[in-house]
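Each chain carries a letter (A, B, C and D) given by its place in the written order, and its residues are counted from 1.
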Amino acid sequence: MEGAGMKLGVITSGGDAPGMNPCLAQIIREGQKRGHEIIGFEGGFRGIAENRCRKLSPEEVTLWYQRGGTCIKTGRFPELEKESAQKKVAEQLRAHRIEGLMVLGGDGSFKGALAVHRMFPELNIIGIPCTIDNNVYGSDYTLGFDTALNTQTTYLDGLMDTGESLDGRVFFIETLGAYDGYLAQSTYLMGMAEFAVLDEMPMEEEEIIRKVLQAREEKRSGSIYVMFSESDGKHRCLRIADVIRDRYNINIKCSILGFSQRGNAPTARDRLMASGFADRAIRAMETGVKNQYIVYRKGEFQYMDISNASKKKVFDWHHI
Amino acid sequence: MEGAGMKLGVITSGGDAPGMNPCLAQIIREGQKRGHEIIGFEGGFRGIAENRCRKLSPEEVTLWYQRGGTCIKTGRFPELEKESAQKKVAEQLRAHRIEGLMVLGGDGSFKGALAVHRMFPELNIIGIPCTIDNNVYGSDYTLGFDTALNTQTTYLDGLMDTGESLDGRVFFIETLGAYDGYLAQSTYLMGMAEFAVLDEMPMEEEEIIRKVLQAREEKRSGSIYVMFSESDGKHRCLRIADVIRDRYNINIKCSILGFSQRGNAPTARDRLMASGFADRAIRAMETGVKNQYIVYRKGEFQYMDISNASKKKVFDWHHI
Amino acid sequence: MEGAGMKLGVITSGGDAPGMNPCLAQIIREGQKRGHEIIGFEGGFRGIAENRCRKLSPEEVTLWYQRGGTCIKTGRFPELEKESAQKKVAEQLRAHRIEGLMVLGGDGSFKGALAVHRMFPELNIIGIPCTIDNNVYGSDYTLGFDTALNTQTTYLDGLMDTGESLDGRVFFIETLGAYDGYLAQSTYLMGMAEFAVLDEMPMEEEEIIRKVLQAREEKRSGSIYVMFSESDGKHRCLRIADVIRDRYNINIKCSILGFSQRGNAPTARDRLMASGFADRAIRAMETGVKNQYIVYRKGEFQYMDISNASKKKVFDWHHI
Amino acid sequence: MEGAGMKLGVITSGGDAPGMNPCLAQIIREGQKRGHEIIGFEGGFRGIAENRCRKLSPEEVTLWYQRGGTCIKTGRFPELEKESAQKKVAEQLRAHRIEGLMVLGGDGSFKGALAVHRMFPELNIIGIPCTIDNNVYGSDYTLGFDTALNTQTTYLDGLMDTGESLDGRVFFIETLGAYDGYLAQSTYLMGMAEFAVLDEMPMEEEEIIRKVLQAREEKRSGSIYVMFSESDGKHRCLRIADVIRDRYNINIKCSILGFSQRGNAPTARDRLMASGFADRAIRAMETGVKNQYIVYRKGEFQYMDISNASKKKVFDWHHI
């Protein structure tokens, strides 16, 4: 087997996502089976720079399959934009004789990895798209999305118990997703939400208000649920609810789902996909595929050049 | 059996609470077994006034055990403060030859029931304390509290996946509970939250900020979780997070749990307790116990005069 | 719009599957929006024969998105193999002036639908693959699979809490799936199970025993989890556990997941897919696509001639 | 403070139970706050004998609140019946200068602790009742019961989705609980199960069959659910289902819940109770309460002499 017996590094970088842990577990188990040594650096690129690392063993990962977040910690490392930090990271990896680095994160993390690669060209980089936002270019799926979407769905289920015990209420729900609104939109696509407010399809405050009033008018019974994507962190839904209350004396209840949506036990789908991503990452290292990230497209895993990661992914916003 | 073969009415009133449905299911099943006819009025006292009612049958309630909210709808009926509405409700009940009315709700609903009783003195009233706030005087427990507390706990579990994947973060979590902070305080009593901000133990903004900074200082790793009770609906946690960000450049993530906390499938405890409450309500009707609500105290069900319901319940805030 | 304003029937047939309810909800909501009348028959083909039906309205389906099973009941109707029953069903549909029938079920149900079509050739049949077994030919996905797989995964998570609190234990877990083992195999593909026993890859009793003993030998800590696909309903895992206990004095705990795995609130994925299937079913009716079932292949919805439904689907058993 | 600055040992012993971990976490956190050193021995009494121990620190326990099982492992140690093993355990504890030992387990574990105490009379023993069976004499509650009951209830909820999508089916569900049937009985007390088969109220096979047939007769719609307590591990429900199928051609589906019921994230109640038990255990050590276990009776924590632990707890089987 080409490339057998390699020493491979792995980090989780940027925001955590459910699916990171099962993916790590499979990298470690499959890696060991195939004769590789897997070194985990703690807390992303910063952990490499600060040399916080250890050999990961299959014995310790049994419960990682069911845990959200990441057991080797994650974080951002803005210093990596500077050459000095890139060099530091490259030196540490070289000192450990790491032949390849697997980066579990989003496009920002892939970009950082590429910068490190430029300082250490023999180092192979393989990216695994992990983010609840499902916004990595070229991939239909990113690890964590399914869990985050289920968290949101379960949340709405609870809300509906109350909403349908009453009549004619309006609820605003803010989900995570930053400027990428696919999480919020999914609830609309399922048919559970009246509409979703997204950055990708900007909506004026007055239009939102008009749509809420119209939905109230049309609804004979039950309540109305409107999703808001997180956007700029200013909780726009609260402001609009205030306007509607002041102007029409309608009391709208707002929920801000917040960072609970980034955690929770990975769903079965995130575990299955994690296994698929881990498998392809190790094979890429073995077969000499270089500086790619793994994408899942039209039901198949493929490789994509890491330079594409910064492009904007576009969804079909109107249908699944 | 004294009182066998009665015609009994039942309503859910005020805010919905998980546990209402299994309690209704048991009232209907046990009621029928013991020879009573159970009439459900839809949407609380307003439903009585508007004569929206039907006979409830054991066949339809199988899935009610697992459903949050209330399958016979609930709501407030502020008009009940006026004598005219009280008379209207009393007349409807009299017209249906209802001998006793079971009211599932909180102290406000019990007070309303008493007002109706004054207009229709032959009508027996039995209250069953249902509210996630656990704030009914004289009872260690109110239906729905356990489910709401589990929802909150599960929420925090998800948040901690992220919080412990990072280091030194601060999270504010606003729970329901209005002016009654036992939900928020419970997370502190469990040991999961640093502290809880409650109306019952007022805390100045500066004190809260000081406690947050101190906790950050002391914590060697991991993150910090602070609970806020809902209070006046003004989302105080958001304001304080803004102050801390502006003053100390610390980015605090806020979650507002919102009305999802009122829903969700009743826990096992809420179903067991629902069964206990239902049983005592029917027995009270049969044995002629009059105008009481049922309390759970020191591990036993007891009756308490409905006039006590407006008193303020006091917790041991420091220990369970 | 071609075909606008149609009268369409819908049934759920065969075993229930989570995802049926959200799919019904979307058929009803989208159907009404597009001007169609949707008639639901209760309990599958038998319900058509016995004329148990009603018009379904968007108002009643809000909570169907979150409910497992099927709100219009399902069942088998073996009599449909006979011409007399086929005629009966066809006559009822004709009497109701149903122009198209949407059948939510597996390949057996599609076959039944085709038989009815032969008796009533103007009737258009569209199948939507619903079964937790994910075994419908030509489709990468069937509604319900994701929920059933999550139920199984959550179950195993609970088991692992105990398994990892002890050392060196062996657990056998029997999942649903009948003769189709993809549910059981998925846990192996995720990396959580040592191996899976499937009809598709027959394994002698002695081979199973040998693999268990070997896994125990190799494992330094933790416990061992083996999945068994349901197969012939004879609970093979119990028999093998008995042999191992008698022969080697090793106490193996068996769990039989059973029919709980068919229920539970549909996952987000099953709701999203339900919406996609519902959308294509209605469009098929409108555009005159005839006697097809909808498949999801390589990330896209397509139509497939209903005569293919009886073919055997083959998985990649070794990788996801 | 009397007894401040003690060196205290802690073990989890016997079967694991959800609630052990949060209880450990609180013992460690509260212990440290109050100046004590907490030493954890791994795997129960055997871990003491084999000297597998470490100092537990508050930093590592943040996620223990949400984890089922026990993070310091558990197990049985039958050798402890012999004096030689008792001496070995006592010597190790003495060598570590342990002043008090907290034992999280059931009555068997308490008995073992007492035996150790006889060999090392200065050692104080405090028991905390942890078992999903809720069968510890003198206590209304044991840690883990609520979680196990919720697991069972959630399981039944899933089953009912299927059961109510069909009509007239019969389901047998075997729960854990060994010879203590309160778990199985609770589902009957809630009103969800037709009846429960328990060791405490023995029922002949023919009587069970008769009750099943009668329930089928009476039920106009829906399905029938019968709980079986685990008992002798021989899966009696399977045998009876076979008899009914052979004799009456009724196909009964059986589920064997198994060891998944021992795991899962502790419920809010188990976390709150864990905190209460931990608090009393540490106070007992500080104030010199000797060789007691902590019970929860009529809504209050109390101490009970450890010699009572072997008595049989009796439930009110007919009411909650």
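Just so it is clear, contacts are C-beta pairs under 8 Å (C-beta built on N, C-alpha and C of every residue); 3 or more make two chains touch, one makes a residue touch a chain.
Just so it is clear, the model here is predicted, and its values are computed rather than measured.
Visitor: Which other chains touch subunit C while also touching subunit D?
Guide: Touching subunit C as well as subunit D, we find no chain at all.
Visitor: What is the touch distance from subunit A to subunit D, in steps?
Guide: Minimal hop count between subunit A and subunit D: 2.
Visitor: Name whichever of A-C, B-D or A-B reuses the C-D interface, so over half of the contact pairs are the same residue numbers.
Guide: More than half of its contact pairs match C-D, so it is A-B.
Visitor: Measure off the straight-line distance from the CA centroid of subunit B to the CA centroid of subunit C, and report it in whole Å.
Guide: Whole-Å distance between the two chain centres: 38.
Visitor: Between subunit B and subunit D, what is the separation of their C-alpha centroids in Å?
Guide: Using C-alpha averages as centres, the distance is 29 Å.
Visitor: What parts of subunit A, by residue number, touch at least two of the other chains?
Guide: 157, 160, 164
Visitor: If I apply the definition of touch given earlier, which pairs of chains qualify?
Guide: Here the touching chain pairs work out to A-B, A-C, B-D, C-D.
Visitor: Given the complex with subunit A, which residues does subunit B contribute to the contact?
Guide: So the residues of subunit B in touch with subunit A come to 12, 15-16, 18, 43, 67-70, 73-75, 151, 155-167, 171, 173, 235, 238, 253-264.
Visitor: Per the contact definition, I'd like the list of subunit A residues that touch subunit C in the complex.
Guide: Residues of subunit A touching subunit C: 22, 25-26, 29-30, 59, 62-63, 65-66, 140, 146, 149-150, 152-154, 157, 160, 164, 186, 189-192, 220-222, 265, 267-269, 271-276, 279, 297-300, 319-320.
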